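Every chain is named by a letter (A, B, C, D, E and F) in the order it is written, and numbering of its residues begins at 1.
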């Protein structure tokens, strides 16, 4: 299956060994971003995945492309040019100390890319699926136009479209988010978003739940999905459910509403978490894979959650698991026994 | 607020990646010591902190000073000279394997410093608070004299004095500790010490508690504090309460008796512990900060315990948290959610 | 006590920092193998241990020998020659992600060694104990002959023999295992094997237990041991009992049947596991030490389980604990308190 | 330009920081092999390069493929299967201490590949150039057949063929080499080989030169090339000339005989050498690029030597330089001035 | 002596172990910038040095400040705010491969700082010397105004002013440089600049020299300095003379014209160079120290060149040498003998 | 051959990657000391070597023993006890920056060992050679007695004795050195010492040489050796000749006077030097090996110098070369060509 994602890829600089920023003498280098992460994960599952973006023509831009190529993502549609590659600094938390993200992503090449930089007819030729996230329009006016243009082109090529709402409070306000995300929803077939995303981006809230207080009403989520689908005519809506016990211990599961049916996944207790960045993207990629390749909604949401749970156990933004490995976990073996 | 601490700073050499000593090919370099740790933590909270000590005039001595300066501690009163910088080797434990400390601190410059090395009138000018620990007099006769001289000078300058009893069985006996610590108590306003410290240094024990067996009587602690205050006329007494489930999992809380009131802090479950060395010093610095800047005893002990809990989540002796970060934890968010 | 073990030592190449193979830029170097691990552990306990094997005459072979010498194992009977040192690649798991082992051990020097390479009369002179595992005959025909020759020689020198069944599904089938292991059992005094080993190597199963489902019947194990002893006339039989909650969290205990008595050890909750490879060998070495030096079966199985639990808390195949450290844990202190 | 290379790619394990094997606790991971190195270098120059080989279906095999993909090499014709990936251990020398290579490459997947594993009609479709080396037939009988089959297929598709003789004394004898290499030469258009290669593989020697004694007769090389061309009807013959002053200091230049003309390159003094492994392959790739893209023989040999000189200044087997960077050196700037 | 420098401090991210950017998995973290480097070096010599700048209020900004404090630089006049800390990526060269610098410094806090951010009356109170470089005005309009304001304030406080011309072709053109640098020269007492700087910034060239061709006319430099002094009424003019044999081997010396006298320094052969970034700043700081503390021009230029030569032997932008260490080299011992 | 050395082994803590002490965040761990280095080198040559010393009974002491065992040194005569293991800090130099050594070795176990700690009759049983250095008596009174006792015992067992004078200005004065070293010389058969050692320890100087000025008179050395032999009746005297061009570039050769004959070795140009610490000990061990195993004085001194030159090319105190490797260099191949 040919799948396209479009968005920003950043240089991620993280401190090793649980150090705080002031303690670090080296940064571990990774590259990542919501849509790039989805592309890598899908390539690891065996799909033919394409990542579309713009990176500077420097060696730093090339490094980002090389990392994608390494994992089998097709980068032929990545444009070169612009000012810089966005950077984010990451301090990985532990126990009750949360991870800390510092963005240095303003003025990035993708945030200032023109629609005319991309040949969407070539990009969407023979494509089955297009995935984007709410992070890209949060980058600014040009990125907002770019997303709209890509959605129109995708629809013109009859491509299925998924959107991970992914609200980012450090990038834009809820008012801005609602304005733009609402305008994109008519083009979207499958929407992904947790409670906060649904509220901040689209104005929907699950009744009876309160993330901060750890309360969760599955029924409330079901009704929220139904309302969203009624308004936007989505084919489906999904979310992951994270219980944050600490920075290194989370509960993890997911919900999917599709074709009038509601599915709740298995539940995982992830302890310890090695790196939770990219966990949501591993969920999205698992869901796309599940919807494309598996036989029903239950399998799709179970695959998505297993994919995401595994991502939490390795460092970096990218998820490096084969479809077989995800299936093995989804089908039951979470005991961590060595095979030899 | 101008705060002075006096004591030893050591070169800490620890094995990386949970290695035992026999496995290590590199040592991670840190510098630390009870009073230096308190000085760094207070500088991170925004107070004007001074560390007083003596280090050799070699580059190794200078490295210790440079680390303190990096975090904003004023080192102008650190004297250069003497034979060597004390060293301690640390093997960080995991699960049921305890951390192992090997001291190589005999003959250190501070342990052989003279009272005349220090100009206490300059040191204590305009100072609000002086903090010392029971580790310094455990270093030997000269250090015992030095502590006494510093206490007399502090009192002459109307400085509030706090003492962390910190009994060290590898350095002296309970008999020696009681002899000297008793002689210092008349100069002390606030005393900090857990059950073992109170017993081995001052001869007080909380009834009904038994650390080895995991039994804890809050009421017993309250009565012990009352008895100590009756005897020494402290303004306050405090202790941290550690439940040692394993080397990487502890329960953590604290108690404060002040002005006739008794306060018990929130409780934290720390799992995993990244490095527990310096946890007690982060408690002491948090308590000093709380007593100086917060509005009541409950806030002071909650701040102290939150400061200390956070220290357990980072490597090294020093605690690198701002007052805002400690307050955020103390006011409730221990979920470890990433902010972005 | 002079103790001999015979088998393969491999170069172990493991990814650092929980990385997957595709992420790694460096491999941590360790050397290990069931019988070599037992030899190191016994040398650390203070016994005089000898490891017998064949390694290539290259520097890589020498490195394996050097690591053994470092920890006090006598390597005078290690023969040089043959084609290569076996290698295994290890990706250390976390949470629900299991560790992954990739073998590259075919054509190793020991797997193609001749009986005539070894002078068993010199090797077993004045020896008290000989230990081997089911891994060695799984290496092939020549290794199967070598094991038989070593067992005959050991018995001729009146040496006590222990065998850790250690079934390896990647190396041979249950049919092959049963054929050869059965032929070795008449020479064996003490057998060690968990449920899977006993079944796949000897055809015995504990009734009422099911590892995959987490069910455990102590009574079933007792009866299995009795049946095995009846058939093979062992002096004793033992096993460790692992509860695999996740790759980083296991329960751990053990059973011993000896001289008509049945002993169940203390139980440990190991969380986090730093490295579980070699855990079984630390159990075997602890059991051998216990049977040779401690006063009864209960102490022997408690020592074995404590030895093994500690191994899980350090990296590498080898177990680096003194008999004193193991005894301290066995006698009760699993709290992980720092001593200073 | 579409270029194909065929051969072995190995896992290279090298000691960091000039350590000897016995000192190392970690191995740096690289992947390399003569023909893979040429493919990477050509991809870096901007050509469309394909590497053909067989690697095991394990993660280790996948890692080798991922590294090639990272640098833009097309790996669609790499077959999965067989027993293992060849390994070589490298200890990097310094001053008068030579680098040490230990091969552990027997039984590798490519050495036991069948001709039928490869679809040469697809492989050579629209291809301009095919490159192989004398290392592949040195791997054994099956590899010798594979090389012959590939040469016949290449010629059937009118592909230009180059061969780097690359005699490896650890893999075969001069007698074997001459037997097979002679049989391949009729298919070869351009041959590359230094004095030792030409002698051991084809029986030609430059008169008046003696590498061991540091004597060099350019005229002798010219006559040797003429003789080789007369016998095999090559379109051209080339060699690099290495003056080994020490492991970290070499002189470096090259010679090319083409279409009746003889070209001698610029000379470089390489000090220090960071890693000389792959230097010959960077020469070959530079020569292929030069013959395909540059205007004359002088430029081709200058480009080849500059490419190779630059390779010596970076770690790893692969050469990571753009055609622009090589041209800049070739056109004169070897001063190492920072541009900023 | 109280010395002030003003300019940009950047986060420097460099690849370890001579790796190219595409090979790196970690970046070494350093902080540096022309004027910050001078401030650190002078603090290491024992002077009281102040660095003035603006950094973002994030942890990354704080890290830059912490590094300066570590080495004793007074950072009280560093303003917090603005968008980001400038970054530069560094790939360290070797042999004929030049180091590569990639700037990502646009939009930095200091480049967008307002004159009103700084209280120059406080900054220049009791100051002896002010140093700036041509890099700061190259950052843009606001920085150009800031430099002019600082110069006027310095002069108003009767502070001696030095300027390192430091032309940066990646930041501005020669035309822009000449426009602004000319306007600053009336405030300058000592100017530092090599041939290229003098030409590109001020339009002066030493006759008879040609850096690219390695030709050098000392007499030409003397006449150039005389012409510059005649035009701008400098108290002195100096330059370093670099002979670039390769990225790791340079010749190094310097010239000073002061009070009508012309001084040529000792000459050093630096091989290997560990890191040449910051070498010019170590020259400037050495010259300032020499002019302030040593007895004559010859000693001043010898100290400057020795300071700079030593900088080339350590990693990072900063120069970590005491005045005693520089004097020892300047007075003759370049043999590298170990003292023990 | 059974060879004994006696002296101190220290923990060496060195900064990685040419960092200065103030820059380092990790120390590389090595163990070394003149006599331990000689023991390791001889074990690597294949001799049966014993190291005699006293180390503390802590894990740090055990680590030193383990490193010796790893390389095949017999440590059965190393006594446990005393206060601490001596430490030395090392900052490795480059170019004109010399390496810096900071000793923290006072109060070490060996410096305070009693003669009665050692059973010299067991130690010297069947021993061929005993080697000591002038470093040991420089440690203090007890060590001076220990050396004398060991010499008397060695002579009583008819053991050949060699002494490396090794004057250490940081440990004692020339006056002290001459007093003690003179008293030991009657027991010595072979003496090793450069110009400075011979002068400071014994009062002999080669006429016509001046190390500081780089002047060297071979004839002067010959006459000095003759005079020394006349006075002390040595069987032989030797020295290495170091030309210190820089910290990373030395010339290296050696002289031997034996049985009335005078031998001058080959000369090596060592560039770059990776680590010169232990170079003198590799010379001493090579000389001992040469005198014991080779056929004449010329071979002995050539072997000694080649052994020592190779040591300069690897990190750490210890020399890791086989006799075959040293012979290969001594017989001519210093070209650094890779063998493959």
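Here is the rule we go by: contacts are C-beta pairs under 8 Å (C-beta built on N, C-alpha and C of every residue); 3 or more make two chains touch, one makes a residue touch a chain.
Because the structure is predicted, anything quoted here is derived from the model rather than measured.
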Least step count from chain B to chain F, where 1 means the two chains touch:
1
Please state whether A-B or A-D has more C-beta contact pairs across its interface.
A-B
For the two copies chain C and chain B, is the contact made of the same residues on each side, with over half of the numbers shared, or of different residues?
different
By residue number, over half of the contact pairs should agree; on that basis which option among A-C, B-F or A-D is the same interface as D-E?
A-C
Using mean C-alpha positions as chain centres, tell me how far chain C is from chain E in Å, no decimals.
62
For chain E and chain F, let me know how many angstrom lie between their CA-based centres, rounded off.
44
Check each residue of chain E and list the ones that touch at least two other chains.
16, 20, 22, 25, 66, 70-71, 100, 272
What are the touching chain pairs in this one?
A-B, A-C, A-D, A-E, B-C, B-E, B-F, C-D, C-F, D-E, D-F, E-F
Considering only the defined contacts, which chain B positions touch chain C in the complex?
17-20, 22-23, 93-101, 103, 168-170, 244-249, 272, 276-277
Chain D contacts chain E in the complex at 16, 70-71, 268, 270-274, 309-310, 312-316, 320, 329, 333-340
Looking at the complex, which residues from chain B come into contact with chain E?
66-67, 69-72
Residues of chain A that touch chain E when the two form their complex
13, 16, 20-22, 24-29, 58-60, 62-63, 66, 83-85, 87, 89, 91, 100, 102, 104, 106-107
